[in-house]
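Two complexes are shown next, each including chain A; its partner changes from chain B in the first to chain C in the second.
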Partner chain A sequence: MIARLRDGLAVYFCLLRGALAARMTDRADLGISMIIMLLADLVVPLTTLLVYQHGAGFTGWQRDEALLLQATFLIAKGIAFPFCFGMIWTTTELVREGTFELLLLKPRSTLLLLLGHSFQPEDTGKLLGGIALFCLALPNVTIGADADSSAALLGFAALLLLAVLTLFGFALLMTCLSFVWIGNSRLQEIFDAVSAFALYPHGIFTRSALGWLTWVIPVSVLGYLPASVLLGRPDPALPLAVGGALCFVLVVIGLWRMMLARYASAGG
Partner chain B sequence: MDRQAGTVAVEPIISVRTLRKTYTTFERGSTFAETLKSVFWRKTREVDAVRGISFAIGAGEIVGFLGPNGAGKSTTLKMLTGVLYPSDGEATVLGMTPWHDRKRYVAHIGAVFGQKSQLMWDIPPLDAFHMNRAIYRLDPARFEHTLQTLVTLLDVGDQVRKPTRQLSLGERMKCEFIMAMLHEPKVVFLDEPTIGLDVFAKERIRGFIREMNARGTTFILTTHDLDDIEQLARRVIVINHGCVVFDGDMAALQHGVGQTKRIRLATARPPGEIDLPGVTLLERIGETRVLLELDVRRQPLPAFVRWADDAFGIHDLVIEDVPIEDIIKTLYA
Partner chain C sequence: MNRLLAAWRSTCAIAYATYQEWAAYRSHMLISLFIGPTYFLVQVVIWQALLADGGTIGGYDRTALMSYYGAVLIVSTLVFDFADWNLQMLIRSGKFLTVLLRPMSHRGFALSQKLGHRCLGLWMEALPIWLILWLVFSIRLVPASTGWFVLSLALGFLIMFLVNYCVGTLAFWLTRTAGARRLIGFLRDVCAGVFLPLALFPHELQQLLFFLPFQFITYVPVQVLLGHYELAGIRLGIPEIVGCQALMALLMWGLSELLWRLGIRRFSAAGA
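The block that comes next holds the complex of A and B.
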């Protein structure tokens, strides 16, 4: 098992090195893209800052707590986007060109190959922005409140990992859709619109909206739930939300296998 | 032409039995109303891409797989490479069913596509070769040895270190071959490997295929370039409308239509109407020159020569076999 994991990781890093080398051929574009990614994702936190400066805010959430929530989501995105979201566009391109079968001709997991080939270093700009915001907000909040702060930190780390896994699930879902929806440039826009709900505390949503964001589309787990655990105010729905997110990822993996089996390629 | 069953002298390495693939496609008209209607409802149609084909290929063969566009060649190739599930039928390659346990199977085969690159555009082929070393779990020492052998055979020592986008098409194709052969596959599927190449690059690629075949690799070659077939394949499988219409060696293919000859005739007197059984006038080249096709089963050659000399007086006579292109066209018809 460990040998297989090491073997898989060796392949993954070899492909990742290739993808990075390919991206490095246009370093100016890479640098500009990274800065744009960083700035674009900092718009909402800056707006939050303005809102709080004018005396308004999210009920029950101090300014730095709200910024911490948003930083959590940015960190999760900053990890998931460079490593997972490139596969959507790679798949769309390969399916459109009829060259997806070149991946199927390799004696490895197609998903592993896709992930390795699709590394997007420019998206690490999101991660830098998220870490910077997190470092700014963290000193001004109380970690774990009355509870043990190390337990809160551990819980936060576990939920952040789940957030990254859930984002991987979203990326894989969009990859699956790209088999049947070739002109899927709208997918990312739909995802951005839906995932934007992860940037705000739950207090601003109605009960039915919360139900949707927790059970149907697992958005809560992307920011709110990890941040609330770190602040020592875990949501009562946390265990079910975690279960829901894991189920979502498993269902998407099942869908991926089905789409792969159904792939018929373009004509000769 | 009657279908001839291909005979395999050695134990088959590829065995295909009544393989079938049916697709569902959508149909719509081209008018605005029909386009609008297709947004809500599309008529489906079942297409039999491959209609129960059977053949066997022995180890060490080079088999040409021919057919017009849309004949079912690529679909068959995709099923044999494990990329596509058939609708029905069986196939075994190297004792494995390609579409079952795909990952284990594809470790033993190679594929080169003239129009689909396995290299990465922005990085040198050498980097892509090293990716394949990891993907195929190749022993580093053996990988280096195989790489050196292939690089020497194809004479691309300098090119493998340049970014792929800087290579000529010929150099790129040579690197595609290295990419496909690094894991020393026993069976290699080639899909139009010489498309767009100049004569020198074609010759180098063909020489490489012959060399690897002499070392024991079996090749299945799909191409529209009949020179490739003539120079490489000893056996040809022709597929049309999803069915095998010819399966036999090249000599049998040429002999089958070898009963027909092309005759370029220069005469002393202008040849008028030629109304002779088994003789077809193909072209009048000049007043006293014609191109004829002669079916020697209906009109023996000596009898025709005597008749032509008596009728018009023969100045010059050239007898040719029917070109392979025309033979194939007959099969495609």
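The block that comes next holds the complex of A and C.
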């Protein structure tokens, strides 16, 4: 078991090094891409700043608390995107060209190979943006409120991990869709649109919308829930939301296995 | 006259071929019917929460903001373009050589392609989105003056193409332009008022934006649709701002010609 794990990790890091080396051939382009990844994701926080500057705001959320929520989502994206989201485009292209079989023939997990091949270093720009925003907002908020701040930090770290896992689930779901929706390069846009809801506090949504965002499409774990735990006011729906997110990831992994089994080459 | 007629026929033929080609990938476009309204729904929810007490922000109340974002959605769908990606791909792959052999300018060819692509987008994306905005969100966008709006939209369409075409010519100088294209595309959208009405930007920035081509892509057609135009305290009538738009289109045409002439000297096929 340990030997297999070690072997898998060795293969993964080897692929990762290859992907990084390939991308490093155009260093200037990589640098610019990282900057744009950082800037593009800062649009919403900048809008939030402008809105608060004009005297408006989200009820119950101070400016820096709202920024902290958005920074949390950016950090989760900054971790998940470089490692997971490249596989959507890679799979779309491989399936369209009919070369996905080459991965299936290799004596290692297809998912592991896909993840290794699809590493996108430019997306680390999102992480830098998220960390910068987080550092900017953190000194101006109270961590844990009345509760123990170290417990709040631990809870935050655990939920951030869950957010990254959920993002992996979203990436895998989009990858599964690329087997059915041949050559569709806009699959990630579906996620981008849905995840836009993750950037705002729950108080602005209606009850039914909250249900959807918590249990059906687990968007609330991506930003709101970790941030609210860090601020010491965990949402009552937290345990259910965590369960919903874990179920989502498990269902998507099941779907991935089914899609791989059903894949019939040249058109899925 | 004969040359103009021949050029028009070529334009129609290329536009029709592109239309047919993209009609084979209908689902690719139909995704817009989910993505566009979803982003719009996010805006509805946010501004409903922010301006719940009937307040205003930068002179916009909630209804005005919803109309603005609805109009942005329609206009940006109609002027959508990826000429920059196409041109850099041709240069980078060396396929550009075959383009030079054709008895037509590449810019004209690419513009014709965009025309065909957006004709399909008109009924597959823009019209359904307009209906969704009306039937689901009760936002009925009717141009204050249809003639001026169509003209402004056509000019916005042209300026978007020319800006992107200029960006595409960067491939004559750079090996890989993905990062530069993304960066310029992002700044273009910010400065065109896609994410936020330009009236909410700091005054000094608004003054700068007035002289850049980006506001003429989305912000101006949107304001023409809504029936009034103001930026950086400059209030212009619809015919005046559309006149400025035409001037900017001419300037961008000149700039794209200049970049083309400078760039083509550097092109040596198979590796540019």
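The working rule: the second predicted complex is superposed on the first by the 263 of 268 C-alpha atoms of A that agree within 3 Å, B and C clash if a C-alpha of one lies under 4 Å from a C-alpha of the other, contacts with A are read in each partner's own complex, and residues count from 1 in each chain.
As a convention for this text, a contact is a pair of C-beta atoms (placed from the backbone, for glycine too) under 8 Å apart; a residue touches a chain by one contact, two chains touch by 3 or more.
None of the values given here were measured: they were computed from a predicted structure.
More residues of chain A lie in contact with C than with the other chain of the pair chain B and chain C.
Of the two partner chains placed by superposition, only chain C is touched by A:Thr47; chain B is not. Judged by the touch definition given at the top, the superposed model places A:Lys106 against chain B, while chain C stays out of reach.
Once the two complexes are laid over each other on the shared chain, residue contacts for A:Phe197 go to chain C alone; chain B is not touched. Of the two partner chains, chain C is the only one touched by A:Phe205; chain B is not. Residue contacts after overlaying the shared chain place A:Phe168 against neither chain B nor chain C.
When the two structures are aligned on the shared chain, A:Glu122 is found in touch with chain C, with no touch to chain B. Applying the stated contact rule after C-alpha superposition, one finds that A:Phe81 touches neither chain B nor chain C. Once the two complexes are overlaid on the shared chain, A:Thr59 sits against chain C while remaining clear of chain B.
Put simply, chain A touches chain C in their complex at residues 26, 28-33, 35-36, 39-40, 43, 47, 50-51, 54-59, 122, 181, 183-186, 189-190, 192-194, 196-197, 200, 203-205, 209.
Taken together, the chain A residues at the contact with chain B in this complex read 7, 10-11, 14-15, 18, 21-23, 25, 97-99, 101-102, 104-109, 113, 261, 263-265, 267-268. By the touch criterion given at the top, residues 25, 27-28, 31, 34-35, 38-39, 42, 45-46, 48-52, 55, 57-58, 174-180, 182-183, 186, 190, 195-196, 200 of chain C touch chain A in their complex.
Partner chain A is touched in their complex by these residues of chain B: 23, 69-70, 73-75, 77-78, 81-85, 102-104, 106-107, 109, 111, 113, 116-118, 120-123, 127-128, 130-131, 134-137, 163, 191.
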